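Input: structures, listed below.
What follows is a pair of complexes built around chain A, which joins chain B in one and chain C in the other.
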Partner chain A sequence: MTRLYAVALNTFKETIRDRILGVIVVFALLMIVASLWLGSISLGQEARMMKDLGLVAVSLFGLVVAVFVGASLLHKEIEKRTVFVILSKPVGRAQFIFAKFLGLAVTLACVLAGMGLFLFLADWIVAGSPAPLLLAATALIYLQLLVIVAVTMALSTVTSTILASVLGITVFAAGQLSRSALSLTEFGQSAAMKGLAWVVYVVIPNLNAVDVKPAVVGESSPDWALIAAWAGYLGAYAVLALVLASWLFSRKEF
Partner chain B sequence: MRRVVAIVVVLVCLAAVIGFQGTREVNAAGDPRVFVPSPRFFERLAPSFRTTIADVYWLGAVQYYGEHVDGDRRLDSLPAMLDLVTTLSPHFIEPYLFSTFALVDAGEPQMAYDLLERGFKANPRDWRLPFQLGFMAYTYGPKETKAKAAAQWFAIAGKLPGSPPFVFRLAATLLAKGGEREKAALMWGQIYSQGDKYARAKAVAGLEAILPTEKQPREKALVPLYRTMPRSDFDALVADLVAGTTP
Partner chain C sequence: MLMIADLHKEVRVGFRRRKVEILKGVDLEVFEGDVFGLLGPNGAGKTTTVKTVVGLMRPTSGTVDLGVAGRQQIGYLPENPYFYDYLSGREFLGLCGRLFGQSGGARRGHVEALLADVGLEGAGDLHLRKYSKGMLQRIGIAQALINDPQLVLLDEPMTGLDPVGRLEVKRIIDRLRERGRTVLFNSHILADVAELCTRIAIMADGRVRWQGRVADALAESPEGLDAFFMKVVQR
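Up next, the complex of A and B:
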């Protein structure tokens, strides 16, 4: 446990040293400029625009951190040869993967908490009343990004940093379309194609299921029990991706 | 020497980029025919981002309207844009209200009416939508029925939470104008019992205009109001109205 904690803490410090938290500053500046700009062109709808576009910005900024840092975590250790030092100690490869994931998860939590809180406060100022659902939406975006980190780490064990990043972004995009894959099973006569569409639906993480952006702008009322169940599903998916990453990493030869 | 050449090249390129871009006519209106994808396309493609896409198209529609309404007055793509926004985000009220005048400018008053009706179906608690429908019905409806149709919408709007008192008064006035004197009298009665001093004066004036001038017929015409108003309000209204009648 101490070893896991040590590697996780080191990963956290390492990513923070990479000025990852600068993302929050860029986000804050973007939101300030956007609120001034939107106020003049949205016919009085700046609060709605800020909520909606702000959450998209949180998703995208978070995705950039999750994918690019997640994809380079293992490669950096291998390139700098620090992985040999760590693995020569009584640290298993699976432990190493989980610790790296935890370290990045904490960094991502800091980044998303910063952006979410800033968005919450900026929206409060613009709208005149607080929207706690924004914080819930940010937390659920965090959960989506944890899955992407786990998947990207698994991919980075078998591909290059760049390819893992691209694939990570692709999985995020596909995760938003997961239901479309399911609807494909309704079309066509071929049982094989229907089966294939179903497999795609099951393999792609259903990130869309925990999305409450429409609810934040009053388009729907979230079913929290269902969202909690889907959150459990995403947690299990992340664990599976990490187990896969550990297995692939354990077979890797340096 | 190389450095000088490099600086000259950089300066020339910089001047070309800024000079060319800066001297383009930035206020020129764009093509009025903008490609607007089907709402179903976005519903399927990006369900998580449907409200965001609606917001982006909303900003686009406002810009598009502003760009063309004072210029070539061609708003070819505005109906499709507003349809897209309201389909992707049916509880976003502003585009429905915006459509009231923007689609009229685009030569599509019927579409504006249909869009408002759709908006009211999706948002039956928002008084602004039936109010705008009443306005549209009165402005663009057939001459014979427009007052009655508008009054019906205003009456619906007046019953919804948050509606200002004048909406109900407007409905009562239009009902009287459309020949529905009994309904108008009932509505004025409601305004009288729920309103302040100003509203009561308006209700008395409105009833004065539609009730018979003789005492007995007037009292008879006021009987239906008895069942719809508190006793004290009814007595006060009768006192106000019967005082100035001819015996």
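Up next, the complex of A and C:
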């Protein structure tokens, strides 16, 4: 446990002390402020526009951190050969992967908590009443991004940083649409196409299942029991991706 | 203590995954309390041998008996070390201590003692990115000693250091010998090897060509260790 904590703490320090993270957070806050202005010019839709655009900003900038930092975490260790120091000590490869993930998960939690609170307070000031659903939506975006970090880390053990980043973004985008893949099974006669649609639906994480943006802007009411079940599925998906990453990493030689 | 028997290592390189045999049956024995020099020209397989011992590479065949209780009792300094440059020297040693399960006061005590041992007590709060090459080498040795290991493996500890830096590293190795630790180090600087080592092995082309006491090597070649080394490598 001490070893897990040590590597996770070091990863947290590595990512939080990276200047690029500060730049990303500043841009995210600017975009949330911009959503205030956009809200003010959309007649009668101020609060809705702000919530919608604000959550998109939280999601996009969180994705940038998750994908680009997640993809470079292991590569940096290998390229700079700092991994020699860690793995020559009594630290298992799987322990190393899980600890790196935990470190970035804490950094991501700080980033999203900052952005989410900023959006919540700005919305409160503009709308005149608090919208706690904004905080719940931010927490669920965080869960989506944890899955993307785990997938990107697994991909980065077998590809370059850039390719792992591109694939991570692709999985995020596909994850927003995976329910559409399932609806494809309802059309057409081809068994092969139906099968393929099922494979896509099962392999791609269904990130859309925990998206509560429609509920935040008042279009629907959330089914929390169902969301909790999907959250459990996404947690299991992240663990599986990390197990795969550990297995791939354990085959590496330095 | 450390016993390596018939160690082979093959890697695959290039687009066609061509097989290259780096180690072709390395046999090596390091006794307890030895300061052991592993010598050889570039590409002889010294670094691969050490990486296999610490578990960064897997042997294709052959055995490595550490003679100690696993990595818990090993200290390792990689070649041309690069450490987390966003950490201070004190933070970095603290991290290494945690990796050995050291906690609280004991860890902090260890870190301070090591910083003093390697002459970096005044630079403990400086970020590693501001360290000179010699300071990095010394903090590298300090991290290798954080667990007070029985077996210390140093890969090219003197490379790139100025005479003052080399002298400091030699003093550290001397102190380890006085404390009865077993030290194995790779080096191209034969004068340092002659000065520090009790026993040596000379590798070439993935094999150990000669191993024994430094005194025996010098007896065989009175011109010095350089001449003996050339004789063995060109055999």
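The definition used in the following text is that the second predicted complex is superposed on the first by the 238 of 254 C-alpha atoms of A that agree within 3 Å, B and C clash if a C-alpha of one lies under 4 Å from a C-alpha of the other, contacts with A are read in each partner's own complex, and residues count from 1 in each chain.
By our rule, contacts are C-beta pairs under 8 Å (C-beta built on N, C-alpha and C of every residue); 3 or more make two chains touch, one makes a residue touch a chain.
None of the values given here were measured: they were computed from a predicted structure.
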Which holds for A:Ser250: it touches chain B only (first), chain C only (second), both, or neither?
neither
In the superposed arrangement, which partner chain does A:Ser190 touch: chain B (first), chain C (second), both, or neither?
neither
Going by the contact rule set out at the top, does A:Val217 touch chain B (first), chain C (second), both, or neither?
first
Figure out whether A:Ser160 sits in contact with chain B (first) or chain C (second), or with both, or with neither.
neither
Does chain B (first) or chain C (second) touch A:Arg48, or do both, or does neither?
first
If you look only at chain C, which of its residues touch chain A in the complex?
11, 51, 54-58, 70-72, 74, 76, 78, 80-84, 86-87, 91, 95-96, 98-103, 143, 147
Which residues of chain A touch chain B in the complex?
38, 41-45, 48-49, 52-53, 55-56, 176-177, 179-180, 183, 207-208, 211, 213-214, 217-219
Contact residues on chain A for chain C in the complex?
2-3, 5-7, 9-10, 13-14, 17-18, 80-82, 84-91, 253-254
Residue numbers on chain B that touch chain A, as the complex places them:
44-52, 55, 58-59, 62-63, 89-92, 94, 98
